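In what follows, chain A forms one complex with chain B and a second complex with chain C.
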Partner chain A sequence: MAGLSLRGVTKQFGSVTALTEIDLEITHREFVVIVGPSGCGKSTLLRVIAGLEQLSAGEIYVGDQPVHRVPAAKRGLAMVFQNYALYPHKTVAQNMGFALKMAKVRRDEIDRRVVEAARILQIEDLLERKPRQLSGGQRQRVAIGRAIVREPKVFLFDEPLSNLDAALRVDMRVELAKLHNSIDATMIYVTHDQVEAMTMADKIVVLRGGRAEQVGSPMDLYHRPANAFVAGFIGSPRMNQLPATISAVSSSGVSITAPGGLELSLPVAGHDARPGQPVTLGLRPEHLTVGPQSGGTSLDLDVYVTEPLGGETILYGHIGDNSTLVVKVPGGTDVGKGQRVPVGVVPAMCHLFTEDGTAFTPLHTNDKVERIGASSS
Partner chain B sequence: MGERMFVPLMLAPIFFFLIFFYGYPTLFNFYNSLTDLSLLGLKQGGAFIGLRNYVELLSSKDFYRVLWNTLFWLTAVSVALRIVLGLLLALLLNSATLRHYRLTTASRLVLLVPWATPPIVAVVVWRWLLDGRQGVINKALEGLGLIDTPIAFLANVDTIWPALITIIAWNTLPLVTLTFLAGLQSVPPELHEAAEMDGANAINRFFHVTLPHLMPTVVVMTLLLIFWTFNNFVYIWLATGAGPGLFTNVLATEIYIKGFIDFELGFSSAVGMVMAAMMAVFGILYFRFVALREFREIL
Partner chain C sequence: MSQAQVAAHSVALDGEITFRRNPLIDVAVLATTFVVWAFLIFPAVWIFLGSFKTTETMFAATTFSFTLDNYQTIFRAGFGRFIFNSLFICLIAVVISTFVSVIASYVFSRKRFRGKRIIFGSVILGQLFPWIILVTPLFIMFARIGLLNSYVGMILSYVAISIPFSVYLLVGYLETVPRELDEAAVMDGCSQFQIVWTIIFPIMLPGIVATATYAFLLMWTEFLFALAFLTKTSLKTMPLGLAQFFGEQTVDWGAIMAASAVTTLPALILFLPLQTKLSGGLAAGSVKG
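Now for the complex of A and B:
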């Protein structure tokens, strides 16, 4: 078992640059999720780590061994493919034992390790079946089993749950988390689903256009997104991003004017900000409250769609000059279509981004943000 | 109209076709094989002689040489050769190297040339190429100093079968190759990647990923080639006329020779029936290994 380190990893396909100078430190036993929209280079990054693609520049270390010139099979990594990639004519046991057979491991040792992996994944009774006789979830387990059997230093997962139906996906998510705890392995997991990223990761890497936009813990990314893209990508429903203008800058924060006559004083570092500068105000739907406000700032929301989900309700409404605002409220809240309701905004929970998307640095500490975040949800 | 009527009605044309164009001629041929019908006596017909034609055929030594020529040289060697060469060519055409140099389309077009050549043209061209006096191949071999005296490839008993098989393979290999190529292209690339991660080298990947994936295609192609080759008349007849003497005589040419050169239509029919019986064996194999599986998938 070992950590993994990427230094300036760059990948070009002809004139197209798929990955630009990715730096990443992954410690032993860490569960790292690489997330981003389609075409962001996340699968390419995984394939470069796996050795299925040669990198154009940069270095990859497993432990303290450079592996970027080492063939895929010798890197000590195992990969679980999106479509499982099971050998269709081999039984489950043969599929799982194939790598060991190639490595000329003794027959009884192969059997022992295959049975052990099958036990962990609860597929012992499937060992003699062929892949086509298995359900999607079972194939997924076999694909994971094939990786476990090799006892790799690092597991690589390429969108492993995307072919499963929603209920099974949630189950497998939990199983994978359990597996990660039980087999003491470093895992790198690629997905486009931010929920998978948030729920499973120790560390998330958000990719866009082949660049790492931000690397951090799920809560880091949620509470302190480095830019408007990360802020919009992490969290569901998406963060509201409203155009705003800076009205004043002081040592205690930045004052802004936003649609709907909203005037806010945000506790962020002003630095280069100047009055009149256009900025983007970020408001998470779950950090907004509906109803008569005891304090703080509020604005009026003209609700045009409600999505009652049972435990919670999502409100879609207009504010001021027809900007759309999404608000998440507890399930019992009595708000109907066409109603105008006051929405409360807590300045400490707001995010502010420059025109190019970079986040303003909050003045308060991380702990305080997490505490407020926890209490409001 | 109920389904009970609809299905037989839809199947009726093909059954009609089979009965009149296969069933009736087969029975008629079988009857002829039991007579001493001669090409010169078609009007008066042949006298019924029972199984005497079959006895004569199966007890003649010539028949077993013809059988050996047909089964071993014409069918087994040429089919095996085409399967192996077709597979190798398909692997080459599918290779990343060829793609890298952007030769994929060009190479496939070149491959189609022999296939688009009618057998008659192919045989005539090859007869010129292989000619003992003026043939390009002899000239080339002499030029390279590999041989001192020209070889009459299509007359020399040592070279005649290899030469015949070369002609057959040249003309029909493209179809085999293209079929295998289509099979190769349907191998999911992530299977190769998974095998690569599992530590399989190129040879292991071929035997553990490519070949198993291609196996159904190989089985079908082998059986089809056997069908097409076993009863083939054109190549042998045009290239050697079953000669020298009857050295390259096969079942198909034997039928022709007996019926239309020796005028023994009754005997010729008996050879035809024996040949049909052997084809039926291949047919049963085809049904057993290919068609039945397809039926099961449909039903």
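Now for the complex of A and C:
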């Protein structure tokens, strides 16, 4: 097993730049999730690491070895594809052992490794079946097993759960996390699902337009997003982002005025801020409460849709100038469609972004957030 | 949806939507199918039965006098040699054509290169020429390089005429095979050659069988090139052998029917066992597996 290092990785398809100078350090045993919206370049990044696409510029190291000019099969990586990519004419055992057969590993060693991987994934009784005789979840296990038998330095997963139904996806998420613990593996996992990213990752890379917007732990990204894009992408429901104006700047923070007559003093560093400057106020739905908050402030919400989910309820409503606000409240909260309710806001839980989306640095935090990409430069 | 179909849909009392078939429609569909089938099968049955009839009862509707004379006649006239020639030329040409078409279709389907669309278009363009236009230049070329009256000349010309459509069919088929399989094979350490022959070829087999069947039947019944390029009796193929029973003054119908039956048999023997794969190949393109 080994870590992986990307240095200035750039990929162009003709005149289109798919990846721009990606730098990333992945340590041994780390579970890294690359996340971003469709077309952001996350699958391209994985394919470049795998060797399925040639680099336009930059370097890739597996451990200490540069691999960007090494053929895909010799990089010591294994990839699990979105559509499983199992060979339909081969049995499960043949699928799993094929890479070893190509590498001219001895027959008994292939059998040993296939049986061991099948035991880990609990698919021993499926070894003689063809892929068409398997369910979606079983196929996914076989695809993972095919990667395991190669004993790769790094596992690459390209949206491996996206074809599974919701319940199975949750099960497989847990299975993958267990697998990561049990086989001592470095894993890179691509998804567009921020829930997968948050629940599985040691480190998340948020991509947009081929650039890494932010790299950090899930909690870093959640609590200290580098910009409005990351703030909106991480967290469910999405962070509310309201237009606001700076009314005052002091050493203890920045005061703002937001829709609905909301006036807040936020504990953020306002180095270059000036009164009258337009900004964006970020409020996570789960950080808002129905009813005034002690030590906070409140605004009136005209609820137009409620989504009761059992344990919690999502409220959609208008405030002030007709801006939409989403609030997550406990499931038992008695709020109905058409009601006007006061919503409490705690300044310490708010985020503030400049007009171009860059986050204001929170005061009172010692945690270092790794920020890269154009928006933070 | 037609009115009849709309009428056929009804909502049952328990609220479930049911589909009630009109039995008359079923009967009409079956009757039409039977008529079409009869039209298709009648000439073959008539030829097969006719090949065992004497000349006197050949066109009689009510009398049947069994004989094997017609078969003796054609084999005395050297039809066995024609069968061998046809089989030899067609089988070798099909193998070469299929091999080349599989590789070409893989390249057209999977590789990105400059001028791909023009080259692919030019391959298909070859299929648009009436063969009669090709006969004269090919005859002159074959005469110059000594390929008239040779198996090699016939094999080359049959390979050439079957490749365009074979490539076209196989490219269409390959588009239904996920590219991730190729990439998985790359990750597993396969070379390009191994990807084509150990991964893609077995998956494409139904499509390849369908394509090879088409190519074989195209060559098996080909008459024009054989007539132009083969003048030695010992090299003639079955369609030429069949034609020799049409005399200037008389036509030996019994021999023609026996020869026609014999012409059909090898194709049936070769491809009947592959029928399921053939139909699978033709259907596979419509549904992504």
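To be clear about the criterion, the second predicted complex is superposed on the first by the 361 of 377 C-alpha atoms of A that agree within 3 Å, B and C clash if a C-alpha of one lies under 4 Å from a C-alpha of the other, contacts with A are read in each partner's own complex, and residues count from 1 in each chain.
Following the convention adopted for this analysis, a residue touches a chain if its C-beta (ideal position, glycine included) is under 8 Å from a C-beta of that chain, and two chains touch if they have at least 3 such contacts.
Because the structure is a prediction, the values reported are computed rather than measured.
Once both complexes are superposed on chain A, the partners chain B and chain C clash. Once the two complexes are laid over each other on the shared chain, residue contacts for A:I60 go to neither chain B nor chain C.
By the touch criterion defined above, A:L264 lies against neither chain B nor chain C after alignment on the C-alpha atoms of chain A.
Put simply, chain A uses residues 50-52, 72-74, 77-79, 81-83, 85-89, 98-99, 102-103, 146 to touch chain B in one complex and chain C in the other. Residue ranges of chain A in contact with chain C, taken from their complex: 47, 50-52, 72-74, 77-79, 81-83, 85-89, 98-99, 102-103, 132, 146. Of all residues in chain A, those touching chain B in their complex are 50-52, 72-74, 77-79, 81-83, 85-90, 98-99, 102-103, 146, 150. Across the complex, chain C meets chain A through its residues 178, 180-181, 183-190, 194, 199, 202-203, 289. On the chain B side of its complex with chain A, the touching residues are 188, 190-191, 193-200, 204, 208-209, 212-213, 215.
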